[in-house]
Every structure is written in C-alpha cells, then in structure tokens.
Amino acid sequence: MEVLSALNLGDFAQVFSKMGMFPVFDVAYYIVSIIYLKYEPGSVEVSRRSPVASWLCAMLYCFGSYILADIMLGSSPIDYFQYNSHILLASAVWYLIFYCPLNLFYKCVVFLPVKLVLVALKEVVRTRKIAAGVHHAFHAYHHGFFIMVIVGYVKGSGVALISNFEQLLRGVWRPETNEILNMSFPTKASLYGAILFTLQETHYLPVSKSTLILVFTLFMATSKIVMTARHSHGSPFALIESWVCHLLFGSPLGGSEEDHHAPAAPSSPLKTKEELSDGARKRKAKKAE
Amino acid sequence: MEVLSALNLGDFAQVFSKMGMFPVFDVAYYIVSIIYLKYEPGSVEVSRRSPVASWLCAMLYCFGSYILADIMLGSSPIDYFQYNSHILLASAVWYLIFYCPLNLFYKCVVFLPVKLVLVALKEVVRTRKIAAGVHHAFHAYHHGFFIMVIVGYVKGSGVALISNFEQLLRGVWRPETNEILNMSFPTKASLYGAILFTLQETHYLPVSKSTLILVFTLFMATSKIVMTARHSHGSPFALIESWVCHLLFGSPLGGSEEDHHAPAAPSSPLKTKEELSDGARKRKAKKAE
Amino acid sequence: MEVLSALNLGDFAQVFSKMGMFPVFDVAYYIVSIIYLKYEPGSVEVSRRSPVASWLCAMLYCFGSYILADIMLGSSPIDYFQYNSHILLASAVWYLIFYCPLNLFYKCVVFLPVKLVLVALKEVVRTRKIAAGVHHAFHAYHHGFFIMVIVGYVKGSGVALISNFEQLLRGVWRPETNEILNMSFPTKASLYGAILFTLQETHYLPVSKSTLILVFTLFMATSKIVMTARHSHGSPFALIESWVCHLLFGSPLGGSEEDHHAPAAPSSPLKTKEELSDGARKRKAKKAE
C-alpha cells in the first residue's frame, strides 16, 4: 500500500510539474501582480496622466522576473516581449484593472475568495519560475552554484528587487529602503527556494525535481493564502531566522525587522508592498481614485 | 503626367532614403544635441570642473540612442564606440561648443537661421535611426512587434529616456519627473514613428519604406522648425491625444500635461529640456557662464 | 654590464607579469576592498540588519570591476561568479572583517604595517586587471581605442564608478556627487593607466607589456603606500593636471577639486571613500560599532 501511495504521489508530482501555465495560471499571476501595482500610492493617478508609464510599470510587475534573469545571463532584457500573446494578455489585464468602467473588474478580483484562489495560482507560477531559472543557469554554468542561486532568486522575486527603479518610473523615489535591505516574505522564500532547487539540480538534495516543485508550491500557496486571509505580514521563517542571524551575524535577538530600521527613517513609508496588510492597501487604493 | 510625378516622387524617396548621413547630417545631429546639453542648468560649471563627466554626458547626448538600442538587444552598450571617427567628430563638436575662445562656435550655431537648418538635419537623422532600429529588431525577432516598437522608440528618443541618469552624472537628481511621465514632442513622435515603421516592416502598412522615411522626415523637420522658430512647445498631437486618452484611459479632457503634474511638484523645474522655450534656455545658459 | 642589467630587468618584468594572483594577491585585494566598505558610515549597521545586503555590497567591492567590464562588453554581469573559489574566499574575508569575535581580524589587518603591505598587493592586482581589460577589449574590437580605454578604466576603478548604486543598496543616496565628478587618485590613475596600456596594445607605445606592468605597478604601489602612510589624499598628478585643465578646458588655476565643489554642496560628506584620511575613517568605523 505504501509503495502504491508513493507511486501515486510521484505520478501526481510528475503530472503537476509538467502542467502548462498558459493561460490560466499566467492570467492569475498577471492579475495579482497588477493588483499590487494598483495598491501602490499614486499609481492610479499615473495611469490617468501617463498611460505609457503605467503600462510599462505593469509590464515590469508581470515580466520583471524574465527581464532580470535575461540581464543576469547577458541576453536581451526584452527578449520575453517576443511572446506577443503573453504581452497582449497582460496588457488586457492591466487595462481591465485600471480602466474598467465602474472599477468592476478590480472589485471582482479583490473579492477575498476570488483573491485567495488567484494568490495560490500565482505561487504555482512563482515556484515554476524559480525551478526554470535555476535549470537555465545550470545549462549555462554547470558549476556556477552562485549563478544558479542568483538567477533562481531573481526569477522568483521579479519586480520587487528593482522596486526602487520601478517607483522612479512613476516619479517616486525612496532611497532609504529597498527589497534587499528589508526582504518581504516572497523574496525571502524565493531565495530559500533558489538554494533548494540549486541543491536539487546539482544532486546534493536527493529528491526528484517534480516532488520538490510540488512540495515548495504547497508551502508557498498555503503560506500566502493564510497571510492574505489574515491580513498578516509575519513570516513563517521569523523565529528560526532570528536565531540563525543572532548566532552567525550577531543581530540582536527577537526584534522584528521593523524594530531595526524604524529609527533609521522614522517618518517614511517603510513597509514593502507585499508586506502591507490588505486592509490598509485597499483603503489607500480607494482613496487614490 | 500623374504616373510620371509618382515615379519621380518614388525615385526621389529612394535616393533620399539611401543618402549617406556621415559626416554632414551626423555633425548637425551632434551640434544640436550638445547645444541642448549646454542649455541644461549647471552643465557649463561641470565642464569646467570635470571635463571627463562633461565629455561622457556629451557622448550620451550624441550616442544615447545607440547605447540604449544595444542594451535592449543584449549587445555591448559601448559597441558604437568602435567607430572612432564618429566619436572623434562628436568630441570635437563638444570641445568647440564648450571651450571655444569667446564662445564663438556656440554663438554661430545658435544663430536662429543656422539653428533652424541644423534642427531640420537632426530630424533627418532621427527618422533614419528609427527605421534602422525597427529593421534591426525585425532581423532578431521576426514576430516581435513589441520589441520592434521598443527598439525603434529608443533609437528615436535617445538620451531623453535616460535623462534621470544622465543628470545624475552631472550631480543633479530630479526623481519627481522623467521623460516617460512627461513626454516631450520628439519622444512622442518617436513612439508613433516606431509604430508606423513596425507596421511597414511587417507589411501591415502598404507603403514602401523609402516613402515612409520621406514623409515622416518632412513631418518631423517641419514640426521642429516651426516649434524652434516660434519658441513653442505645443505638440501637434495635443488635440487628438487629449480625446483618445479621454475615451480610452479616462484622462480629464482639454488639460495639457502641465496642468496635471503641476500640483504634484509645484516648486520644481518640470519642463523637460526639449520643451523649454529657446529664449529661456539661452538666458539660463548665459547666466551659467 | 648595462646590457646584462637590462636583460635581467626584462626577465624580472617577464616573470613578474606572469606571476599568479590567486590566492595571495587576490586575498589582499579582497581585504583592502572590504575594509573600505567597513569604513563607509552605516555599513556595520547594515551588516547586522541585513547580512544579504552587506554580502552583496562586499561582492560589489571585490568584483565590481569584473561586473562592469562584463556589462561593457555585453556579457553576463555575473559571469565571474562561476569561479566559486574566488567568491567563497571573498565571502570568508567579508565574514571575518564584519563578524569576527572581538573584531580581531579587522584590528589585525588595519594595523598600519600590515595594511601598507596589503595596499601594495592590491595595486599589483589593479594594474594586472587594467592590462587584462585592455587586452580583452582589444580582442573584441581591434581598432576600438575608446572601447579599450573604457574597459581598462572600469577594470581598474571597479565599484567606485557605481558607488551611487552601491550606496543605494545600503539605503544611502548622495546624488550630488559621484566618482566621475570628483575622481579619487585610484580612479584617475586607472584612467591614465588604461590609456597607456591601450597605446601599448596598439603598438603606439614602444615598450613591452611586461615592462609597462612592472613600471605602472611600482608607481601605483609607491603612491598608495605613501598616501596611506601619510593619511594624505593629495594626488601626484595635481600640479600637471591643474595646468593642462587650465589650458585646455579653462578651469581656474591652482584650486584643488575640493575648492570647486565646496560651494555646490557645502554640508554634505563630499570626500570620496578612498580619499578620506585613514584616521578619520577609523574613527568613523569605530563609532559605528
């Protein structure tokens, strides 16, 4: 019986890891990404004033991970823009979210049950991107462990890593913080995921890739659903990280990130976008309209 | 007779689109570009204090379009610097404009009749660059419509798109605006031109490329001459754009760009460099000396 | 006798220019680079708060020259990260300098006699990097004099040229100055060195490469040792530069750089990092802990 269940699980993981992402999962990814763009203060005003800037930001939110990975591997940063159907789909989502009459589309997709499903689907895409990024880097540099981790990391984190420059496009400049200084949960998880997939790719982690994809997807989807449902921005890694950082890097124990950087820039909006509770975001987005 | 005139026009367009740009047109392009650099507040002081920074800015003004297009297509950003004669020519122009005794060279080239000719010649080069950029991208990505438009666009706009970083090189930082948020006439026209040339390249626009080059050059040269002569910074697209943006993106009707962004940053110098009336520029440049 | 001594010198230069840099010289380079990172105000706090950001900055300090040169030549910017042993070595140095118990390692390496040796070894690596950069560019562009100079220059200057963005990673933004506007001695020397090596590579300078490497290394090592020992930040080029700039670019005579930019931004920390006297630096670094 045990063998059978293991076989079935392996089979399921196999099927799951081969499943096509286009268009359902990709659309979910675009929707959730562009919702986060709309949450950003000032983004609605920019969409009225300069549709080109707003569209470019939306493309960065949707395809930032491809752009960054292409830069890291020395390819054309706009290489992914050759897939016209993906770009058109993302543009349609951008148009519906920002310009739909009565704001109807936006209201549908931020309705909590719908949003929870979309958020989970987004994490499926994120995990697949990390795995693909590590695999791609592995083909270019067979022993480049650091390169594999970096490419997997940027594939998972996407626009968050260049949020300073994405904001600059919208006329906002907040140099006192960035996603590396104050990592949000998805960025941290992408880093850990990239390390795991690199270990798997180089056979230091004795599991099959499909199993790792399945397990990591389940972890990410569950975490994000719980965090979205509870409007929380605590990280499941907080406790263990706090101890490891204390031992290795002498960081003060127990304090969350907020405590550390608070004195550095007390009056500025320091929480990163994916960390903001959804309640606060919606209020801001509504105000902006 | 009609056939003959059409033939003649086609022949003329053919000859015009094959005409070499080096050195006459290129020199005009360098002169007008570096004049715009000298108009920038503080640039004369930088040229005294750090000739290397001033030279680098001048190179960005002259070759920014090549640098950006090479980045977009994943080539070496300084690939164009292999053409020593072009670089030396642009450097000579930079030296004459910034360091000529009695400011003689500068006074000659900003004399209105001379300047009008130079401005017209610059637009000839710009149109050719857009066409070449679209063609280059077409060879790399046969169905990459978005890539063709982007590459043609950056070839036409050049340094304007990275003006924030060009200013940073001179120690100036104005994050509250950029060329995408507040497009000037040449940037907008480059975008529309890139779309037209992409349609032509992919045979959706049933005209020959040489005719399109001729027509677009005439339009650009006329517009810029009129705008330079009248010290105006109104755009010929304003009316139609205002309506289209109102219908598609819900932008408020009738207001010019200035009205929209005025409240966002009331005390900062918001007009982009190519939009500033020449009178104001000259006064600034004189003051700086 | 003279022939013999010339022969010996040539032999010595030959051997010197073929000597392997890994690991002794490279370790010295990493140590001195990361000491300069620790001198930066706020960097110790960042190392406690966000080890990932601190590690990234350390990598930029150690490998910025490779990253920049790869970008300039259109390769993958993280290409050098395939050499795992170099990255691990630099990471170990970073860990020891920032997190060693009792700050023991740091105290050892900033002990003046030790530091003078390390500084001299670093200049050996810098010279070799410039020569390698020019040679690399020569292979890609046989007549690209400007490209050779630029690549040699970025190989010699490294992180200094992107210090604005390195600071941004640590949450610091000082747009009013940069390394091009206010060149420090190593940056200037790298520029002159890149020009010399380009002339040598294209046979306009009739000396062998090994001799040039030897002579330039001796000049750089001597200058830096004297400057470090005397806590000075005057440049040996100051007098001749002042005259040349006065003649060619109309710069005011006799004033040092500090005098020129002082009025522009009187209250900001304008001295670049490699120019700060060591005494001041140590005090700052101590305070930060």
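Letters are used for the chains, namely A, B and C, taken in the order the chains are written, and counting of residues starts over at 1 for each.
Criterion: a residue touches a chain if its C-beta (ideal position, glycine included) is under 8 Å from a C-beta of that chain, and two chains touch if they have at least 3 such contacts.
Just so we're on the same page, UniProt names per chain: A, B, C = Trimeric intracellular cation channel type A.
These figures come from a predicted structure and were not determined experimentally.
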What's the rotation angle, in degrees and to the nearest 5, for a C-alpha fit of chain A onto chain C? 120
Looking at chain B with chain C, do both copies bring the same residues to the contact (over half shared) or different ones? different
Just give me the whole-number Å value for how far the CA centre of chain B lies from that of chain C. 36
Would you please write down the residue numbers of chain A that are in contact with two or more other chains? 74, 173
Touching chain A in the complex, chain B uses residues 71-74, 140-141, 143-147, 150, 164, 175-178, 180-183, 191, 245, 248-252, 257, 260-261, 264-265
State the interface residues of chain A toward chain B in the complex, per the touch definition above. 45-53, 56, 70, 74-79, 81-82, 84, 87, 98-99, 168-173
